[in-house]
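As written, the chain order gives the labels A, B, C, D, E and F, with residue 1 at the start of each chain.
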Amino acid sequence: MREHSFITDYLKNPYSSVLSVSGNTKVITALSLDMKVPPHVKSGGWLTAEYSLLPGSTNVRSARERSKISGRTAEIQRLIGRSLRMAVDLEKIPGITMLIDCDVLEADGGTRTASVNGGMLAVAIACRKLADEGIVPENPLKNWIGAISGGVIDGKVVMDLDYEKDSRADTDFNFVFSENGNIIELQGTAERVPLDEGRFFELLKEARICVKDIIAEMKSIAGFTK
Amino acid sequence: MREHSFITDYLKNPYSSVLSVSGNTKVITALSLDMKVPPHVKSGGWLTAEYSLLPGSTNVRSARERSKISGRTAEIQRLIGRSLRMAVDLEKIPGITMLIDCDVLEADGGTRTASVNGGMLAVAIACRKLADEGIVPENPLKNWIGAISGGVIDGKVVMDLDYEKDSRADTDFNFVFSENGNIIELQGTAERVPLDEGRFFELLKEARICVKDIIAEMKSIAGFTK
Amino acid sequence: MREHSFITDYLKNPYSSVLSVSGNTKVITALSLDMKVPPHVKSGGWLTAEYSLLPGSTNVRSARERSKISGRTAEIQRLIGRSLRMAVDLEKIPGITMLIDCDVLEADGGTRTASVNGGMLAVAIACRKLADEGIVPENPLKNWIGAISGGVIDGKVVMDLDYEKDSRADTDFNFVFSENGNIIELQGTAERVPLDEGRFFELLKEARICVKDIIAEMKSIAGFTK
Amino acid sequence: MREHSFITDYLKNPYSSVLSVSGNTKVITALSLDMKVPPHVKSGGWLTAEYSLLPGSTNVRSARERSKISGRTAEIQRLIGRSLRMAVDLEKIPGITMLIDCDVLEADGGTRTASVNGGMLAVAIACRKLADEGIVPENPLKNWIGAISGGVIDGKVVMDLDYEKDSRADTDFNFVFSENGNIIELQGTAERVPLDEGRFFELLKEARICVKDIIAEMKSIAGFTK
Amino acid sequence: MREHSFITDYLKNPYSSVLSVSGNTKVITALSLDMKVPPHVKSGGWLTAEYSLLPGSTNVRSARERSKISGRTAEIQRLIGRSLRMAVDLEKIPGITMLIDCDVLEADGGTRTASVNGGMLAVAIACRKLADEGIVPENPLKNWIGAISGGVIDGKVVMDLDYEKDSRADTDFNFVFSENGNIIELQGTAERVPLDEGRFFELLKEARICVKDIIAEMKSIAGFTK
Amino acid sequence: MREHSFITDYLKNPYSSVLSVSGNTKVITALSLDMKVPPHVKSGGWLTAEYSLLPGSTNVRSARERSKISGRTAEIQRLIGRSLRMAVDLEKIPGITMLIDCDVLEADGGTRTASVNGGMLAVAIACRKLADEGIVPENPLKNWIGAISGGVIDGKVVMDLDYEKDSRADTDFNFVFSENGNIIELQGTAERVPLDEGRFFELLKEARICVKDIIAEMKSIAGFTK
C-alpha cells in the first residue's frame, strides 16, 4: 500500500476540506452545506458528491467537461456519494445537504478511493462542527468508512494500484468498508481474465486490512481518537 | 428466482435481437454492427451498450433523457458494456463495433441484469452469424456470461429482486459470472446496513448458482447446446 | 390499406396503453396523467405527445436523441399532439395533462399515423376511466379521430405507404379526420413532382374512407360500440 | 389579402437577399452558398433553411433560442426548406448548398409564408447569378412557387391572416403552390372545429388565386418577366 | 469618424427601439420591460443586454448560436450591459428589468459601439416613457453615455474602425464615456504591437471628442435637447 | 500591493506549471502542448487559455460549469489568452498550440491577473524547454508581460484589490503591460461612478510600477535573470 496522508483545512472557504494524498495521487475534497434538500428526499437530510479531474492532473491532458460529463465521471461520483451517505445519519441533519466536491490535482491511480477517504474525513470534521455550532443537536456521524483499490497482476494480488499497475491489471476492484470490516460498496471488473473465487477472497481480505489502517490514520489526524 | 425467458429475433431490423424477460421485467436487446471502431481502439474491434427506460415502463412515468442522460443510466450502460466485452474476443472482429441497445419495456427490478442476459444471447447469435456469413473467419465468442441481482431483506438473502423487494432491501448487489463461475463484474451497495462477510458469501454462492441456470437456459434457446 | 390492429393494456404501468400495428409498423402508445398543466394553459386541461424511434426499429440503426431532438421528431410529435387535442374536451379535464408517449418498436412507414391511431384509442380508454373513477364528472371525449398516409406513385394514388413505397412516392400526405369525415389535420409535401388538383382530391377521398374503417376498428376493440 | 412587397439586395453580404413584407410582417431572407453538401446527399446539390424570430419582433418578447430550438421553429424551417427545394433543380448545382436564412424583423401573422415567398425570390436571383457568373452551366431554377395562409373565422374563409385574425381562427392552413397552381406543400390544423370539405375547397381555391398574384408580383420585381 | 445616425421607433412591438447606423454597420437595439428582476438583485431594478449577429450580416455567413454562445458574444453583451447600467439609476426602477436586444443587420466594424449608442437612445426614450406613463414616479435616466472604437494603424491613430481597418490595426480599443467625458468602460488589446503611452493618450483624447459628438447627435434625435 | 509568489513545477504531468499566489488568491496555471492548431490559424502556432473556479474556492460555493460556461468565465479566459499570445512569437511554434489551464484553488480577488502572471511564467518555462529539447529551433518568447488590478475606493486609488476591496470599489480595472511598460490589454469598468481622467492616469501609473515588480519577481524565479 502506498503512503496515505491527509491535510485538513486545506481550503479557507468550504465548511470543511481535506487534501487526500495516496502516493502521487492528490485530491481536494471540500464539503459545503446547502440548507435545503433535493425534492426526492422526504425526510432527513442528504449528501451528494461531485468529482472532476483538473485538466493538468493526468498524463495526457483531460479535457474539461463543460457541455456534459462523461459516463466515467458519473459512475465515480455516484459511488462516492453512495458510500459517504453510509457515514452519516441523514435523519440527524434534517433539511441540510452535504455537498462533497472532489477535485483531482494529480492522478496516479486510485482517485476515486482517495476521494472517498478525503471525503470521509471532511464529513467527520463537518459532523463535529455542526454539533459544536449547535446547528444540529447531536453529532450525526454514523460510521467511519474507508476505501482501497486492488487488482490482479500476473496472477498476483496487488493493492492500491498506481496508474502504471492499473494499466497492467487483469482485474480492477474498489472496496469500501466500514470501520468494523463490513462491506459498504464493492465494485469490480475483470478487464482481461475472469476472476476466480480464490483470488477474489484474497483481494477482499487484503482490502479489509488496508482500509482498517486508513481509517485509523484518518481518525488520528483531527483528534478523533484520544 | 423469477422465471427467465428469451425470445430471439424479436425485431426485424437489427443484426440480432432478443426480448429478455425476468418476471414482469421486459427488455429488448438489439445488436447492430457498425463497420468502424472508436478512436481509442488501437487493435481489434469494440463492443458498447446503451440503456434506456421507455417512459411508460415504470410505476411513475420516467421522463425521456433528451438533453442529457442521468448518472444512473450512465452507470448501468457502462456495466452492461464492460460485462459483454468479456464475452467476445475483440481481436477476432477487427474494425467492427457491436452496439447493444437495451430498451426497457417494463421495469419491475433487475433491468440491468436482464439487459446483460438478453445482450449475451444477442451477442452469441451475432457471433455465430458473423462467422456463418464469412464476415469474420471464425466465431469470436469467448465466454458465455450471465447476470443476477441479489440483496438482503430482514437479514435474509433474496435473489433476483423485483421492484417491491428492491425497495425494501438493506443491500443491493449485481453479479456477472462466466459459465464456469468466475467473476466478470460485481457491483454492490449497502443502502441501509453495512453487509457482513457471512451474508456476502451466501449472496455470492446463490448468485453463482442462479447464473449457471440462466446461462443453460440461454444456450438451449437458439440451439447452442446440442 | 395494410391491416390495422390494436392491443389494449399493452403495458402495466401507464394509465392506458395500446400497441398500434399497421402492417409491419408497431408503435407503443402510452398515456400518463400529470395532475398539473403547463403555464400557457389558462383554463381547462392539456394534452401533449412525445415521439421516439427505438434505435433498432429502423433499417439502419437510428441514433438516440440524447442531446437534442431532430426537426423530424419535433414536427411529428407536434402533429400527434395537435391532432389528439381535438379528441378531448380539455375544459372537462381541468388541471390535468394527458401525456401520450409514442415509441416505435418497428418502423415500416406510417409511424406518425399509427401513433395518432394508437393514441386515439389510449385517449378514449383514459377518458372513460377518468369518468368511471370519478376523477372528472363526465367523460371528456369529444371526437373520435383517425389518421392515414397516402401518396402518388407512378401517377397512381396509393394509401397507407410502407417504407419501400414511401421511398418511391412523388408526394407524401398525412390525413387526420374526425369520425364524420371532417378535416382535423392535413400535411403533405410534393417531394418530386407538384401535385395536381385531381390527384389530390382522389387522395383526400380515399383517405376519408380508410380513416372511417380505422375508427370503426378502434371502437370495436374496447367495447366502445355496442 | 394584405399588400405583399419585396425589396431585393436588402443586405450587402449574402449572395442574394430579399426583405419580404406582408402587411406588417417583415422577414429578411438571405441566401448564402456553401460549396459542399451534407453527407446524406448522394448526387447534386442541396437547399436548406433556418428560421428565427428577432426577440423584438413579437408582441411579447420572444426569448432567443440559444440552447435549443423550439418545436415550432423546427417545424417552420423544415416547411420552408422542403418547399424551396421544389424550386431548384438540385442536380444542376452539384456540390453546392443554398442556405436560406429567414429572420423575422416584425411578426404580424404569416411569417412562414412570407419566408417562403422572400426565399423564392432570393433563390431565383441566386440561380440567375450562378449561371451568369458561370459557377454552374445553366440556370437551375425549376419552378416558381408561392405561399399564403388562410383560415376560417366565424364560418367564413379569410386569407392571409394577421396575428389578430390568426388568434380567432377555427382552423389555420398554409398553402404552397407552383406557378401553374399545383400543390407543393399543404399544412393545416383544425384548432377548434373540424373543417368540413366545402370550406376546405373554398380555402384551397382562394389560396391558389392569391399565390398566382404573389408569384406575378415577385417575377416583376427583378426583371424575371419581360 | 464615419457618419452616425439613429432611427427611433424602428420596430412596432418593443417598449422602445432604435436602428443605430455607423457607416455600413447597422444594429437594431430593442428595449423590452420585464416586470421582475433576477435573484441577485437585492434592491432596485436591473438592466441587461443580449447581442447577436444575423447570419447574413457578415462577409462570411455567421452560424447561428443555437446550442451555446461564443466567448466573443458573451464578452460583447456583458460590455453593453455594464455600460448601459451606468446610464440608469436602477434604484428608481424597482422590480423592473430593462432588456436590451442588439441584433446586427449589417456588420462593418464597430458593432459593439453601435449597440451601446443605439441602446443608450432606446434607454433614454424608455426612461422618459416610464415617467410619462406613471410607471415610475420620476425619469430614472442618470447619465448619457456614448461609445467609439479606435486603433493604431501604421503608427497612426484612427477612430471608428470599419472592418477593413480593424483587420489591419495593431491595437483595438473600445471607449465608453459619459457626457462630461468621464470613463464608463474601456477595453483594449494590443493585437500585434504593445501600445506606448503616447499613442494611448492620443487615442483616449480623440475618443472623448468623438463620443461628445455622438451624444449630441443622439440627444437631438428625439427632442432631448430643446 | 499584496505579496506575489510563484511555485514552478507545481504539477507533474503538464509541460510546465506554476502555482501563482497573490495574497490569499491561489491559481494553478498548467501549460499543455497540442501538436496541432485550430482551423482559423493559417500560419504559425496558437495559444489559448481556459479558466475555472474550483467549487470550494469561493466564499459561497461556485457551481461547476458542466452544461455551459458563464459569460464571466468566457470573458476572463479570452482576456488571459489574448494577453499571453502577445508573449510568444507564434510564427516560431508552427503547428503547435499552447493550452493554458487556469484553475483557481482559492479566490480572494485578482484571479484573472494571477492567472495571467502564472501563465506568463509557465509560458516562459515552456518556451525555453521547447528550444532546449529541439522541438523548435529557437526560443519563441517575445515579451514578458504582467498583470495587476486596481480600483478607486472612496476617491482613492488602490492597487491589487482583494475580494473585500473589490466589492467596495467604484471602479475596477485590469491592466496588462509588457516589461517596458507598454499596454498589452486594458479593461475597466466604472461600476458606480464614472472615472475622471486624473484618477485614471494615477491608476495607470501605479499599475505600471506594480507590473514592473511582478515581472522582475517572475524572472528571478526560474533563473531568467542572471
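Here is the rule we use: contacts are C-beta pairs under 8 Å (C-beta built on N, C-alpha and C of every residue); 3 or more make two chains touch, one makes a residue touch a chain.
Computed from a predicted model, the values in this text were never measured in an experiment.
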What chains, if any, are shared contacts of subunit E and subunit F? none
Looking at the contacts, which chains touch subunit D and subunit F alike? E
Furthest chain, CA centroid comparison against subunit B: E
Tell me, please, which of A-F, E-F or C-D gives a repeat of the B-C interface, judged by over half of the contact pairs matching in residue number. A-F
Cα superposition of subunit B on its sequence copy subunit D - rotation in ° rounded to nearest 5: 120
Indicate the whole-number Å distance between the mean C-alpha point of subunit D and the mean C-alpha point of subunit E. 34
Rounded to a whole Å, what is the gap between the Cα centroids of subunit C and subunit F? 59
Nearest whole angstrom, what separates the Cα centre of subunit B from the Cα centre of subunit F? 50
Considering subunit B alone, which of its residues make contact with at least two other chains? 67-68
Viewed as a graph of touching chains, is the assembly arranged as a line, ring, star, complete set, or other? ring
Across the complex, what residues on subunit D touch subunit C? 68, 70-72, 74-75, 77-78, 82, 86, 143, 171, 173, 177-178, 180-191, 194-197, 200, 204
Subunit E contact footprint on subunit D (complex, rising order): 11-14, 17, 24, 28, 30, 32, 34, 50, 52, 54-59, 61, 64-69, 99, 101, 103, 105-106
